[in-house]
Amino acid sequence: MATTTPLLEVRQLAITLQTQRGAVRAVHDVDFTLARGETLGLIGESGCGKSLTALALMGLLPEGAQAAGSIRFDGQELLALSDKALCRLRGNRIGMVFQEPMTALNPVHTIGRQVAEPLRLHQGLTFAQARAEAIALLERVGIDQAAQRFDAYPHQFSGGQRQRITIAMALACGPDLLIADEPTTALDVTLQRQILELIKGLVAERGMALILISHDLGVIAQSVRRTLVMYGGTAVEWGPTRAVFGARAHPYTQGLFAARPQLGTARAAGARLPTIAGTVPELADLPTGCPFAGRCPFTEPACHAALPPAVALDADHEARCIRLKKAP
Amino acid sequence: MNTIDTVASSALPTGAGGQFDPAPLLLRVRDLQHHYPLPRTRLLGPRARVAALQGVSFDIRAGRSLGVVGESGSGKSTLARLVMALDTPSGGTVELLGRDLHRLPARELRAARRDFQMVFQDPYGSLDPRQTVERIVTEPLQALDSATGAELRERAAEVLAQVGLRPGDALKYPHEFSGGQRQRIAIARALITRPRLIVADEPVSALDLSVQAQVLNLLADLQEQFGVTYLLISHDLAVVQHLCDEVLVLHQGRIVERGAPEDLFSAPRHPYTQALVASVPRIDAL
Amino acid sequence: QGKKDSVTLALTLEPPGLDPTAGAASSIAEVTLYNIYETLTKINPDGSVSPLLAESWEVSPDLKTYTFRLRKGLSFHNGEPFNAAAVKFSFDRAGGDKSTNKDKRLFASLTTQVVDDYTVVLLNKDIEPDLLFLLGQATAIIVEPKSADTNAAKPVGTGPYQLTAWSRGASITLTAWPQWRQAAAIKIRRASFRFIPDSAAQVAALLAGDVDAFARVTPRSMAQFKDNPRFQVVVSGSRAKTILAINNARKPLDDVRVRRAIAAAIDRKAVIQGAADGLGVPIGSHYVPGAFGYVDTTGINPYDPEKAKRLLAEAGVKLPLTLTMTLPPAPYARQGGEVIAAQLAKVGIVSKLQNVEWAQWLSGTYGAKNYDLTLISHVEPFDLGNFAKPDYYWGYRSPQFDQLYEKIKHAARPADRARLLGEAQRLLAEDAAHGFLYQPQWVTVAHKNLRGLWKDMPIFVNDLSALSWS
Amino acid sequence: MSAVPTVTAALPAPGFWRRARHHRSFVIGALLTALLLAAALLSLVWTPWPPYEMAMDATLQPPSTQHWLGTDAYGRDLASLLLVGARASILVGVIAVGIGLALGAALGLLAAARGGWVEEAVMRLADFTFAFPALLLAIMLTAVFGPGIVNAIIAIGIFYIPTFARVTRASAKAVWAREYILAARACGKGPWRITLEHVLPNIASVLIVQATIQFALAILAEAALSYLGLGTQPPQPSWGRMLAESQTLMFQAPLLAVWPGLAIALAVLGLNLLGDGLRDLLDPRMARQR
Amino acid sequence: MTWFVLQRLLTLIATLLGASAVVFWVLEVLPGNAAEVLLGPDAAPEAVAALAAQLGLDQPALVRYGQWLAGLLTGRLGDSHAYSAPVLHLIAERLALTIPLALLSMALTCVLALAAGVYAAARHSRLGDWGVMGLAQLGIAIPNFWFAILLILLFSVKLQWFSAGGFPGWTAEAGGGVLPALKALLLPAVALAAVQAAILARITRSAVLDVLREDFVRTARAKGLTRRAALWRHVLRNAMIPVVTVMGLQFANLLAGTIVVENVFYLPGLGRLIFQSIANRDLVVVRNCVMLLAAMVVLVNFVVDLLYAAIDPRVKVGSP
């Protein structure tokens, strides 16, 4: 029985924010499931709700934000758990890596102490045990001379090294699920590649499930098996990465892919990139119905009526667009 | 002009000899060096220094665009600041239209600034939040000559139209615009003096994919229309490839490779360029 | 109950040192006089003089030779004997070149002769009818030659009390000296003085029971103790004169009509109310009720604003007349100044109030005579002579008064003196030398069971040996 | 060094007044401050009684229909004195803050613009002034030039110079690090023009907030100086002086101390709340979040 | 680090030297002199002149400045004009009160302010926050001498728990002792601390709130720390960085604030000594006291800088 329940099951997730202009729904109608060992990518432009979704999974939404729907982790309803119970999960069974390696570490604590903290907290290790374990972890994520640098402070490390340290922290207790929220956006491409390789390797090695958030199509393409494209707080298309990237069923997905300058294709003088008209609207200004309505070249009155239902296109590949239903 | 070897040849005095290329030489950078001093750690003894640029030389011909790529800390921004004469180099020269910018008297340099302008990375940070778009856009003119208010207004309306903003936007404040629109404002500011050269330091790296495409198109259009020359700095190889005729790869303050972007990115020679190109995540890898 | 033999007194100001011959602060005398140090004569609450270290004395008819017979068998706290040599040393020192005694001039005119161990003769160059009173003041204490220079910190005298502790800024503690001649009669074995300048703190300290008696408390706080059964309030007369001093040398104040106008513009009752909360007796001249030869001169320049305006018009003064009024920091001056300024304003005299520190008052007003009007209390008991000093800060010059004063100095018969004094008072009143305001009264607030407090206070003194608990 | 909020707000941002209307601290603060100003202005044209008129037969009266707040020890009308006293508070605040702001901001801007040894010198000078506690400085100055409101104000103002210099420098440096400054330099503008056109407007909100705080502190400082007898001098009324004078009668006529105390507390409270409100309203981070 | 300390020390000495010159010349301009004040208005002019000569007031200013500086270096500060006691002794006596008073109120300030500030920040925008910060607003708005009088009214006059002022001294022989002395200092310390604590509480609150918004707090929470644990382990030390700076500045204000409170509670402290000595023109005392205060302030700021380095590891490599 237990083997059939997915590790993570998100249903009808909706997140409401208190803003100056009243309560707005920042995320709505997001569904996905994740089995053990599976990898999922969340992709979308800035402000589409990727981070809020991730924070909702951690139970760390900002003050004034409310989550509704259902998040079941290993059969347990997270939205119903007390903060205390959540604390036992966080850092223990669910780990998270954040975008900014420069600010994600406490500047006044040594990195060793910070890496050892979840170990002492969740596994009740003594200081010496935690230290040995933390050094091993740091070495595993590629910090040279980890034992010597255990008592160094974050400012004594480079950006790439710091991101490795935060990964070590997230992995310390061997979580079942790792959430990485744009873990490489602040880094160079060469470092980005190293970090992504590291995460991929660790996921494979430990059999963790991974949720990787990025706005870089290439990163998602190379790192995860399944992809979920978000726009305006909603999942507009999801399925196996190969299928989503290949079929590009939703007009937003199409627009996104087209706008991307590609490396390697020969440069034609005066070549123009196809663009998506308009700009991403504010949360409070989102149109009713399909959030992409208005910017979408195929907008029709029906688009504004209601959020289009998910249309299954392929095994596991679905998208929300009314045009898809009409298509054969 | 594909390899490092060409540095030597282009370093030769061109004089009237450059005529085999139809476009005249606009910018000539020779052996540019720059050090930043580090804070003293000991009472006596020498101050440590960071060599941000170590002997960089290149030329840009009018109407062409040169891309500069390289990892963080390779000296890209330093190069931009030196070309813009915002800092004094530790060594080397920057000649625009035959004049060494760093040897010009202050007054002449100010006048010469009409010919070269800059676009910055951060569309939120590079516009003064307390000035109207009109004031921001006309800033280079305010600093240059004593144009009347009416003239300034007219010129502002003109450039705003050129970058695709509405006339009504002139009296708004930056925070009323989206990132892409802000970058347009920044570009309008650079365009207003009808410069020959625009130095753009990471002009699109803070923008979303869909907005980035709009700005890249705008830059391309403007070049076509006005024949502006770009010195485009970016860490995104694809962006550079899309816009530039020639690329320099900067590594630890030195040029390690240069050439046409297609060639360079399809067949990198220098190990560093190879690593760089290999690291770019691609969707066609699927 | 434990209070039976100790008492805590409070004073507004702390003495800077404990040597009254080296400083003028009245607080020095308040702590030391008759307690640590003694004088040849003792001034009584009613202003009369009785023997103290001198058993008796004789005065020559010309008032120039005084013969004192000293008490025998006394010694100083340090064990040295008290005798005629000590008296001579004390007086010679006070009048000597290096003397910093406030009354240096007086002692300089005295010659002290030792007749035998217990008899001294004082020869005075001038006539000083009040010499016996003056010899009872703190400046005339008898000191012991060897310890004289260290008296400021380690006072040595012949008095009933000795200094036991001085925590500077906070308190001084005196304890009874067992070898004193009538040690058995002393009820208070231990007395401490606390220094509380802030008037609110004074009230609080009394109400909280921290102090048993407060001599010369700020009058304004008296009201809250009058009806309180825990306290007794003693209101005592004084020899002080609070005046609105006028710079007689300055124009237009050199015109007697202008000065009279000022005097007529002042409603003394209101001033007494405002400056001293009603605790004062109006005076019309530089002399106080209760002093020898006093005459009531308050009717000479009565409160009459109309007359004041007339006088100013007569004098041809252009109104509004702007005068500076310099006010030293004492509350009576600051408060009274405000009231007087309001009164003068009614007759067209605008007074610019200038509040100064004592130091500034002493150097600017008193020293450099740079002022028009100033409000000040003169506490010296007999100081009519200041009107005859040509260089005094008042700038008052009157040949008539000078003659009169010369006569007073040489008038040996009390009746003559009284008449002459009366004449002098009237002259000053008619000349309107100053705006004479009132004789202040001192308020002592004390625990209701404390006995022996001085009813009247010709000089500032806290005679501990007279105190007891009932 | 110091905790200076790096506020680079957009004034007049749209919705400033709309947001302001709903900001509790701002509304209360603005009302109290307006009340203070109104009292001072009113006193110029009208007071219930002539403020300097004494009535020795009507001293220390309790509040009545005649004297709304009662009378003082000279029989003067307390309500009138309070109204006139507001002038002193405003005078102290405006001039002291004016001195501090004018000189301090200039020094701070200079330090931020020039950097290097100039900055070092300015900051050391500020440290130097800080080495003398404010009250001590005031006492010494009033001792030299005589007590009085003008000297008290100058003393307070002098002490404000380094305070403003530090705040200005810190926020100006933050502005100097922004890219739009680089843009202005790329346009060929010199440091003085940049300071005037870009830096000053962008740190204005910080200075405004600081000014309201210092204003409040100045009112308290005047009260403390008056208590020590070094502030406003008679017959001019000031709240500090009224409070100081009422201390003696605290046990007899407590209301005498209550009114000026209340007036000071409300004025200071108002200014502080106003400053708090402005800080929130002018901070773009807050603007975006709420 | 050594360079850092050395440089701070050098500027410290320069500051003090500058301060000494300013202090001396400011006092030089004061009208009036100690001899006049000591002997009062009725004194004979000859006596005043004799006293002035005895006190050395008739020497040129430059000579006296030199003598004073030399005295400062050798520790021979001379005698007070008014008290004719050694200045060093006088100051030491006063410091025995002022330093404990300042420390006591600083301790009170810190405890109150940190507790209130952290509590309010933890309850951000809730009732507890409003309550505590309302109190803090009130604390800032009330003049401290007024508050002191209220304390006396309540605790000394009404309840008679404490004496209304005065200081019994630290030793039993002067009628005091450690406990009575502390008891005498308690109300003044509270009066002094109230305002400072209110200010510091507000700063603490906003510092804690600022740090709470930092990314690393979210990281800590993501590790499974409860809100409270994250606050204690990760927020506080970071929030201390701005708080410590303000505390340094406050210590200076506190030293000056003692002048007022010492007046209300008639405590023989350094503040009142300065105040009185200025009035008495006892400039020897004033000069040295002011220098002492300045030195303490500068020193405290120096210590704050060092403390900074202790709290924030980034400072060590940092710029001068």
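In order of appearance the chains are A, B, C, D and E, and numbering begins at 1 in each one.
Convention: a contact is a pair of C-beta atoms (placed from the backbone, for glycine too) under 8 Å apart; a residue touches a chain by one contact, two chains touch by 3 or more.
Just so you know, these numbers come straight off a predicted model, no measurement behind them.
Chains touching both subunit C and subunit E: D. The interface with the greater count of contacting C-beta pairs, when A-E is set against A-B, is A-B. Rounded to a whole number, the gap between the C-alpha centres of subunit A and subunit B is 34 angstrom. Centres computed as Cα averages put subunit D at a distance of 23 Å from subunit E. Taking each chain's centre as the mean of its C-alpha atoms, subunit C lies 45 Å from subunit D.
Once the centre of each chain is set as its mean CA position, subunit B and subunit D turn out to be 48 Å apart. With touch defined as above, residues shared between interfaces to two or more other chains in subunit D number as follows: 143, 247, 250-251. Residues of subunit B in contact with two or more other chains: none. Touching two or more other chains at once are residues 198, 200, 204, 207, 329, 357, 360 of subunit C. Subunit E makes touch with subunit A in their complex at residues 124, 214-216, 218-227, 233-234, 237-238, 311-314, 317. Against subunit B, in their complex, subunit D makes its touches with residues 8-11, 13-14, 178-180, 182-189, 193, 197-198, 201-202, 284.
Subunit B makes touch with subunit A in their complex at residues 71-72, 178, 180-181, 208-214, 216-217, 220-221, 224, 235-239, 241-242, 261-262, 265-266, 275-283, 285-286.
Subunit D meets subunit E in the complex at residues 1-3, 124, 127-128, 130-136, 139-141, 143-144, 216, 220, 223-224, 227-228, 240, 243-244, 247, 250-251, 257, 261, 264-266, 268-269, 272-273.
Within the complex formed with subunit D, the subunit C residues making contact are 198-200, 202-204, 207, 218, 220-221, 223-224, 269-270, 273-274, 277, 329, 334-335, 337-339, 341-342, 345, 353-357, 360.
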